[in-house]
Amino acid sequence: MLLFLFKMKIPLFCLALCSVLVSSFLVVAAYAQDADPIRIGLMTVKTGPLATGGIQMEQGLDIYLRSVSYTIAGRPVEMIVADTGGSPAVARTKAQELVERDGVDAIIGPLAAFEALAINSYIAQVGIPTLSIAAAEDMTQRTPNPYFIRVSSSSAQASHPMGHYAAVDREFRRAVTIADDIAYGQEMVAGFQRVFEENGGRVVAKLWPPLNVAEYSAYIAQIQNVDVVYMAFAGINGLRFIRQYAEFGLQGEIPLLGGMTSADESILRNMGDEALGVISSSFYSSELPWPANVDFVSRMREVYDVNPGYYAVSAYLEAMVLHAAIDAVGGDTEDKAELMNALRSVELEDSPRGYVRFDEHGNVVGNIYIFEVQQKDGRLVNTPIKTYENVSQFWNYNSEEFLSQPVYSRNYPPAIYLGQ
Amino acid sequence: MSALEIVGLNKSFSGFRVINDVNLFVEVGERRLIIGPNGAGKTTLFNIITGEIQPDAGTILLNGQNITNIPVQKRSHLGLTRTYQIITLFPNDSLLKNISLSLLALSSLRWSPFVALDVRNDIKLQALEVLDQVGLKRLADRPLNQTSYGEQRRVEIAMALAQRPKIILLDEPFAGLSIEERTQIRELLVSIPEEVTIVMIDHDMEVALEFAEKITVMHFGEVVVEGSRAEVVEHPKTREIYLGE
Amino acid sequence: MTLYIILTINSITMGGLLFLLSAGFSLIFGLMRIPNLAHGALFMLGAYFGVTFLRMEVNFWIAVIFSGVALAIIGGVIERLLLRRLAGQELAQVLVTLGLAFIIADVCLLIWTGDPIPLNAPESLRGVERFFGIVFPRYRLAVVVIALILAIGLWFLLERTRLGAMIRASVDDPEMARVTGIRVSRLFTIVFALGAALAGVGGVLSGPILSVYPGLDAEMLPLALIIVILGGAGSLPGAFLGSFVIGFIYNFGQVFFPDLAYVVLFLPMLLMLVLRPQGLFGKDPL
Amino acid sequence: MRERCLIIVTLMSLVSLPLWMGSDYYINIASQILIWAIFALALNVLVGWSGLVSLGHAGLFGMACYTGAWLLEAGWGHFTAVLGAFAMTILVSAIFGALSLRTRGIGFIMITLAISQILWGIAYRWIGLTNGDNGIIISARPTPFGIEMDTPGVFYIFTLIVFLLTMLIMAIFYQSPFGVSLRGTRDQSRRMSALGFNVWLIRFFAILFSGFFSGVAGLLFLYYHQYVSPHVLSLLNSAEVLLMVISGGTGTLLGPVVGAGLVVVIKNVASAYIERWNMLLGVIFVAIVIFMPEGLVPGTQRLFRWVFSRIKSIGAAIKSEAS
């Protein structure tokens, strides 16, 4: 038998080797799937630059499932974590892995907009309920996906109120915006600009540093002769910008406003005085006072020793919504369409972010808060200073009119006051 | 008409003049030896003739055609081939493959990505014929790196001969060979058809002397002496260069 | 007008930062001809070491030195165990340095988590300087001074010491150096360790400006490559001037050609490679 | 005889894979391996056979993806989209070649890197054309001869056919006069031009050839994912495909395929079991360099030859002992 191997000619041997290699892992494949537990697939990012948020998603989900002892509707719950590495191509494969191999009942995640878009057609095709935190506007607007639901916020959902707050409450008139040059940043800036300008403000400059820019000094140099700066950053870029903003002595000179993730708890815990006074708008901070949140925060601190922020609470909320929906269908997760209907009609009276329901497009309607970074017990926290209640992704615009306009982008709505 | 005519050739490397106003006139069918000590500019001269180095000034005529500005690869198509002092063959390929490459260079077949080269019998037969000519037919399928240095030298020459050139430039074909191997090479050179012009360079006078009718002596990039074998050997300058004054 | 002045100062400070990044890469590339694709990872690892030392309440400058020493040891080990056997094998070098970059990045994620961590500048260098109404961070100005000192130190090492003479001889002609009795193999270990140490020092020193986070390695590596291409391989003055040229191109480019922000560095690199492959100061084409 | 049997068995098992594989997930993984294998084979034409190391091949791959996606989005049919994508990839390859062939070695690596980074930057910034980082979603896979390719099995078979054709073309190319000339330029470029070969043009054609198959892989990638974003043009993508070629064994036909299998499996499958899969990948690369610096395929061959010769000599020793 062994001799047979050696008698083969070399290329042939290679061919054999190759086919063995290819097939060996494929054999690992089939392990029995018992239909008993509810399987929740978490698509997140655990390696690479987005890992910090991705790991917190896992923590948030874990905290929720612990609180229900990993049991929903009388069935045990299994959490299966898939690491996409922040790559859209891998995201697609991971979605297939969760659905086809692990047979999950629903997906929580993915994290980034481009990941959600990469699996968009797939989740519709196989019909798997997906509760994502990806903020891309059109996924719940002009091209909604029937199996997609979002309990965090669309990009501009939290920046519309900020535009209002800046123009009306604070009476800022001249603003410069700076944001990651990706759809997430562009959509947030667009929402801010629209409401800000409709209430008498003017955006006189819009700066778009590339996502992987080494540092921001060239951009900070352009911040001159304005009342206020609006920033919209994702991941770690908020930390880098806020630090350099303070480094150049602008902290306290020109107020700094931010989008959802710009001053998130996940970066605040590594920051110092340079973040004090940053004002941001979001649907959540660990400082929200009601018991549902106090309880969540204390458990997060106890288990993981961190204050939860955007990513942790999103996964937590999604698990809550999923739980409510599975309860509503009586624990039977087989009929995905029915489960999806149940998901969309979930209303949470008492969640860490407050009251939550969904609009007809699968996007959340809930409170948006204005926060200010303050020091408390030696930690930096986002203290709520104003609440906008039950904000939808359309702000106070008519939804049909809103949807007939182009999606928010770098150039829409047009900035007519640039350079003035 | 001359086989090779060089007029007023000059070349400097970073200010240092390596070829200084060289003129050379080689007749069709002539056997010409260029000698000179190391660093005389002989190999540079070859590199300029084949086009691997561009001259600063001067003209090169090949069979009356001005080739000074013609790219390297076109010159072999005009009947000019060379061998190298340091062996630059394809070590992992068989002797047959080495010779085939040489034949392929002049065939339009070289652009074909479709057929396997091995099944082209015409090329194979030609290559075997050339190998036979240099007495290496029995080693045709052996990889080059498993042959002796002397055999590799013969392959070098075979690759040049395979292209049926009008003029061959031989760069120290005897260097590093044993006496027996030198004899083989000498016999090989003698067997080259008379109408083929041969220009050979060597730094060692003794080896190649008998081979050439006319000899050019180069020193510090200049042609110092030129003439028949006897004239050159007797010339005082030659003695000066070679006897180390 | 103020914008131009600010941008000019920015460009100079960024140049200093970039020199800290590229000096080690240039040294290794020039002498050993190894495209050390793990350089970004070593830079990041150095910054993370700085984080740990600073958390242990070590003085900032001591942390810089400790981090440099740690990286020198790691670099030496890498050279001894891996790169040594790969002399001249470009592809294997690419494979092994990229493999190392993967490993180092993952180890950093494991130990220091995915959180972005800023390093704090020493107390005395925090705050800003003001001249003629223009505000400038003190630490960034200090970085330029440090880069200058480092450049002079390296220049001295290379031009005025025996070690430097041997290194230069080996850069110019490794074969000849070997013949004249220089132990090129030990020299390679020293150079690689020195290059890694420079990466580590640069990592800590740039920490207060850049912070450290997963992905810093991948952002820094192309910058180091660009500088070395622009300045010329293995040329220390080249790396120095290349850093400042890139600093200027980067800052002015970002402001005046915002639409080219993504290509503002690669376009000059491409032009340079096409028009002058040996770089600004290099002798040989790459 | 045995060889033929083996080839047939291998082919049969590859073709029948959707039948015995069971899970769609693994069929999809197999498709992905084949797509990446085609890409790696394309790069191998340069790295292995031309001695030109490109760290920017994702640029060519991505151009095919984007051109295909644009044309489909603009309402053209699949046939036009595929043709257009090839035309565009060839065009970009030509520019790529014209610029990069001015240098060799490290210079070539850097120039290809720069070109692909510029393409990447354009894809990010030119939102009107590329939709920025949100990318472009295409609605449907093509239906050649009326065959729907929506199921993993059918798409796998389609990919397999393309893959086998690519292997065949590569094998022929390798032995063809052009392929032989190309390897000549890798080993002795100076000699080659003295012999009368136009080295520049040979390399240029090799880049076009490599670009074409990168385009093939890119289109398959587009149809597989039905989505394209600037990530396909990233440096990581270029580096990964280069790692596939080097780790499998440059210059061989099976090396890139094995390398593609290795990387795809670790990235997609092993990452489900091992959290530190990046480290695993790094360790494997380092181990390959230590134990099989020539790559997995040639290294394994060498290993087996060695073992075989040992067994032979032991056998001979035993025999002589007995007599």
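The letters A, B, C and D name the chains in turn, as written, and every chain counts its residues from 1.
In this section, a residue touches a chain if its C-beta (ideal position, glycine included) is under 8 Å from a C-beta of that chain, and two chains touch if they have at least 3 such contacts.
Computed from a predicted structure; not experimentally measured.
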Those chains that touch chain D and also touch chain C are A
Supply the minimal count of touching-chain steps required to go from chain A to chain B.
2
Comparing each chain's Cα average against the average over all protein Cα atoms, the nearest is chain D
Of all other chains, the one whose Cα centre sits farthest from chain A
B
Distance between the CA centroids of chain B and chain D (whole Å) is 42
Gap in Å, rounded to a whole number, between the CA centres of chain D and chain A
34
With centres defined as the mean C-alpha position, give me the chain B-chain C separation in Å.
49
Shared interface positions of chain A, touching two or more other chains
46-47, 181, 210
So chain C residues touching two or more other chains come to 106, 109, 218, 261-262
Shared interface positions of chain D, touching two or more other chains
121, 124-125, 236, 278
Let me know each pair of chains that touch one another.
A-C, A-D, B-D, C-D
Chain A residues touching chain D - in the complex, by the definition given at the top
4-19, 21-23, 25-26, 28-30, 46-47, 82-83, 85, 87-90, 92-94, 96-97, 100-101, 113-114, 117-118, 120-121, 125, 136, 181-183, 186, 210-211, 409-410
Within the complex, which stretch of chain D touches chain B?
172-173, 175-181, 183-184, 187-188, 190-199, 205, 209
Given the complex, residues on chain A that touch chain C span 46-55, 181, 207-210, 212-215, 217-219, 221-222, 224, 235-236, 239-240, 243-244, 247-249, 266-267, 269-272
Going by the contact rule at the top, pick out the chain C residues touching chain D in the complex.
29, 33, 35, 82, 85-86, 89-92, 94-96, 98-107, 109-110, 218, 222, 225, 229, 233, 259-263, 266-267, 269-270, 273-274, 277, 285-286
Over in the complex, which chain C residues touch chain A? Could you list them?
2-3, 6-7, 10, 13-14, 17, 106, 109, 113-118, 120, 128, 135-137, 139-140, 209-211, 213-215, 218-220, 223, 250-252, 254-255, 258, 261-262
